[in-house]
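Next come two complexes, and both contain chain A; in the first it sits with chain B, in the second with chain C.
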Partner chain A sequence: MSYFERSNELFESVKTPYIGATLLALVAAFPLVANAIGGLPFLTSIAIEMMIFAVFAMSFNLLVGYTGYVSFGHTVFLGSGAYMTAILMKKFSVPFIAAAPAAVVGTGLFALVVGGIAFRRSGVYFAMITLGVAQVFYTLFQSWNYVGGDTGIIIDPPVVFGYEFNPFEPMGYYYLALATVVVTYLFTRYLVRSPFGHVLQAIRENEERARAVGYSVRTFKLAAFSVSGGLAAVAGVLYAAYFTQVAPGSTLYWTTTGDGLFMILIGGMGTLVGPIIGSVFVIGTQYALSTYLVDFIPEGAPTLIARLPERWPLLLGLLFMLTVLRFRSGIAGGLGFSRVRSIDDVLARVSGSAEPDEPAVKSDGGDEK
Partner chain B sequence: MTDDPIVRCTDLRKDFAAVTAVDDLTIDIHDEFTSVIGPNGAGKTTTFNLLAGTVSPTAGRIELNGTDVTARGPESRVHHGLSRTYQITNLFDELPAFENVRLAVQAVSDVPYANVFADALSDQEINRRTTEILDLVGFEEDRTTAAENLSQGYKRLLEIAIALAPEPDILLLDEPTAGLAVDKKELVFDVVGDLANEYAVVLIEHKLDVVRDMSDRLVVMHNGQVLDSGPPEETLSNPAVQEAYLRGVTS
Partner chain C sequence: MTPLSVGLGDLATTFVNGVSYGMILVLVALGLSLVFGLMGVLNFAHGALFMLGGYIGLAVMELTGGGITGFVLALIIAPLVVAAIGAGLERTVYKPLYDTEPIYQLLLTFGLAVVIEEAVKYIWGAAPPGVPPRPAVFDGAVVFMGISLPYYRVFTILLGAAVVAGTALFLSRTRFGLIVRAGVYNTDRTATLGLNVERAFTAVFGLGAFIAALGGVVYIYRAIEPSVGASIILPAFIVVIVGGLGSFWGSVIAGLLIGIIWQFAAVYAPVPAGTVIFLVMIAVLLLRPQGILGEAEVEV
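And then the complex of A and B:
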């Protein structure tokens, strides 16, 4: 308990906007640093991938972490966003700036339909229905020649207001992705603190009681599913724009959903920063293990050790287990970020205006100032 | 006492497979303190579930304040003036006590759900009302405590506070003192007694002495049917009631 109290105090400061702004400035300056040490294309491309998946994980977290529904088919919305962008750009010559919002809104509506079906059940049945929907689209797109089958659709890098994005000089993509992460973060932050977001958490905690106190939970769940799907499409749009190829294997296959779940769990389910931390951690570890681990293997090591670099998922799995066992809310939980919003301020304000003092208040590690 | 009942059940029936839990129940509940007694399995909680909309009836009709709500779910019953507590504590476990009640107040308030930039905790009217309700039930524990970490007694009080949030016309209390120590039972009964002055209360309770003292009217259930109903003293002296109730309790 004392450990957690200390880490709470320590990281209370991290939550202040100043530290957040400093972190953001460091991230914004990253390509310049990477450029200076000569690792620009490689390191920056990893960072862009992290940011695309951070957006995906944030969208997924809205559903899993805040509404309490685990979907096994969330990647269908990333795929939907990516495919809609690619199809509009390639087949209908729609400019990226128009294709992107259309893909997000279109996917939001698509999610409404999927949610309408899937929310007829809960728990593992809900998970299986969503998995089924995603796999249907995977198989369909794999064998559909119009969208390029297995190879998918290859598009030109987007041009926005005369600026040509270039995958080989990824500075433009980097700042586009960074801006998207910041906007998505702020959006989800506002959303989960709004009356709507609080109802989602009530559904997560106790859906039956949420209904009993008067909420039409079905409407709230559908809205959450639609917003979550639309946000996943934002990641899909970025994906299409950056990788310039949208194929079923990378955007619609269930393993992408698995990656998203993995990021949420390891980063901190139901916390705002968790998905970002999870994405950075998972993709970072993935690259570190597969690229740099080989330098640390001594020559003549036994086969098991010598082949670890190519079997990096083994190590990642181990790290995952340790994190989840050690911290209930992933890495973010370990850093002192809470799943539950503090109401200390509200109580102080209410009791300040009504009665002078509350009787028998047991302080348990709240911020002492 | 007004003539129009708050709740009117007509030929209400609920079958669970081969078992008839509630059998052609016809009853009016008015603005008074009603207690429902009866042996285990008499259909008391099923009746509550039917009234609250948690389970739907096999046959029959339920009216709330003159509106037929038979086909409507629990979320709608609240808006028609009926609210309930649960025999087994049923809270938003991880959330603070305050937030548990605040959510219930928000559910019956006019809230701009489409505005994602609104802050749920900055609605002072809802916060004030939440505080009022917690004060009313005498919730003196730290209100930032997660519901799951409260003592049994405060969990029961929180149950009642949540049920009070919509300012119901009728309040169903399902064994509000179940599983409590004797001194805590008295605390909760004091609160229930206070509530009875302001709300029409329907109470499921096993303690006969409590029920006799507090109630205006007693409904005795047995095998899913109403065996007798009326003023407590009269009902309890009915030989059929004594036989059914005592046999059920002791068996």
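And then the complex of A and C:
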């Protein structure tokens, strides 16, 4: 029990809202600090990328972590959101403020169709259908001149109510992305703790039983898939707005799905904070190795050492395998977040009493009161 | 000549190219299908073993000075090395996951695919190594009924056919093959009979890696590069799904079929060939999920 007690202490400390608020304040103040030390555009742009992919990973985790279905084509919804935004803005001159919600809703409906096809099978077959759908769009968009082929679509930075976003002065983007991360986090937290979310977890734990109890599991899975796709489109909208270029290689190819899997597995699958931690970790490692490690390598170093910094995916891949083999709960698990809700916690809620005397395992993460 | 006969010649050339590409897909798909049939693992890393075979083959050719001798040595040595690596991976990395949920196996093999690709880039560099000059033996073509068949394509097709025949004989005529087939049919019951299924797992994994690496060496003259593993595994998945997961002859038929569809789509279809074969896969998954020859009941 010592493990649980220890992680509980940690959890209790994270559980207090102050920690969350302090973290948020620190993140909000980050650009000012970065500005002071002179690395503003670069460090801030890394942080923005982390936040965009945190939203993507959270959306992916809603599917993989809470329903137990692994899609290998989730990037198609990131791409869909990004492409819809770019096409609406570029080809139809729709302002960003209108294109963004249209892209999210449109992708949610698109995901409904894809889910309708893919959920006719499960397991490996489900993974292959989703991969197939994503690859169909990847190969099509790569050769379709209307959407710019391999180069993709290049748009102007969005202008919202007279405010011009500027990729070289990324403050506006930073706070837009931060707000999106917070809202997405709160939304997924609300969702997984709602009765809807509990049915999803029941499907993950035992789909047959969930069906036997009388839930229409197909409807729940479809709803989860659609919401998950729509959230991925939110990340896609941010992607288009920030990078101002939407190309098939970076938004539709299956390696982006793979990055998402890296993030949720290493961060902590099926926990609320896991995807955020994972995104920060994966992108952080990437930049730390590819940008900063280079400085430590002397000029005439042997080839194998000189090649180290650009091979950051090797390190992440090994970490990913280690996570799957040994530490399934990921970094979030190590910090005391569990993907399974304790019976004490549930009982405490049901009986309406305050905290149970001695909770055995903590809930599924977040700063719950 | 009349336009009709020219068209027929084009069709025949496309067909032969399709069979030749299909044979390479068969070489990747055989191991994929055997491993799935026996262990229930869909091995994402199998394409990476194919690519690794190509790189080790190139290294062997470099050491031995290339030419036809180098190529033949590469055809022998690279598959053996990759088979040993595959068997080692099965023992250390895959084994702990046989009893867990399939999603972890899928995730693990995906991670392994990335690791192998990155390791190859680390050792040999990320840039494509380039295509070595083809031995003079392969220059020229057989002319058959007015259709010219380049030697190298003929060689690929013959080698593929030989590997298929050899594997089929191994599975149907040897005692070990019998254990493997029994294991595919029912792993638990085979183990209960006192047969060493675990050893069969390792051996089949090694065999699959061997065949894939053979394909990788053949692929050297098409241009091997680190990303080839990731790009060949997708059509190979399509092959095993269309043929029926776990079905040996299903993989062979589907491999040739997908190869031919690919070439015809590349020449005649208004959309990319990659799109066409994925649409074929999705259609098969929805209409006949057990594939052409698959018998396994598919959980729906």
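The working rule: the second predicted complex is superposed on the first by the 325 of 369 C-alpha atoms of A that agree within 3 Å, B and C clash if a C-alpha of one lies under 4 Å from a C-alpha of the other, contacts with A are read in each partner's own complex, and residues count from 1 in each chain.
Note that in this section a residue touches a chain if its C-beta (ideal position, glycine included) is under 8 Å from a C-beta of that chain, and two chains touch if they have at least 3 such contacts.
This structure is a prediction, so every number in the text was calculated from the model and none was measured.
Participant: Which partner does A:199 contact after superposing on A: first (chain B), second (chain C), both, neither?
Facilitator: Only chain B is touched by A:199; chain C is not.
Participant: One more residue to check, A:22. First (chain B), second (chain C), both or neither?
Facilitator: After superposition on chain A, A:22 lies in contact with neither partner.
Participant: Thinking of the overlay built on chain A, is A:191 touched by chain B (first), by chain C (second), by both, or by neither?
Facilitator: first
Participant: Of the partners chain B and chain C, which touch A:208 in the superposed model: first, second, both, neither?
Facilitator: First partner only, chain B.
Participant: Could you look at A:216 and tell me whether it touches chain B, chain C, both or neither (first, second, both, neither)?
Facilitator: Only chain B; A:216 stays clear of chain C.
Participant: When the two structures are overlaid on chain A, which partner does A:151 contact: first (chain B), second (chain C), both, or neither?
Facilitator: neither
Participant: Using the superposition described at the top, list the residues of chain A that contact chain B and also contact chain C.
Facilitator: none
Participant: Per the contact definition, I'd like the list of chain A residues that touch chain C in the complex.
Facilitator: The touching residues are 64, 68, 70, 117, 120-125, 127-129, 131-133, 135-136, 138-140, 142-143, 254-255, 258, 261-262, 265, 303-304, 307-308, 310-311, 313-314, 316-318, 320-321, 324-325, 328.
Participant: Going by the contact rule at the top, pick out the chain C residues touching chain A in the complex.
Facilitator: Chain C reaches chain A through residues 42, 93, 96-97, 101-104, 106-108, 110-112, 114-115, 118-119, 121-123, 125-126, 230, 234, 237-238, 241, 245, 271-272, 274-275, 278-279, 281-282, 285-286, 289, 298-300.
Participant: In their shared complex, at which residues does chain A touch chain B?
Facilitator: Going through chain A, the ones touching chain B are 187, 190-191, 193-199, 201-202, 205-206, 208-217, 339-347, 349-351, 353-354, 358-364, 366.
Participant: Inside the complex, what are the residues of chain B that reach chain A?
Facilitator: Touch residues, chain B against chain A: 52, 54, 73-75, 78-79, 84, 90-96, 98-99, 102-104, 106-108, 111-121, 123-124, 127-128, 130-131, 140-146, 162, 165-166.
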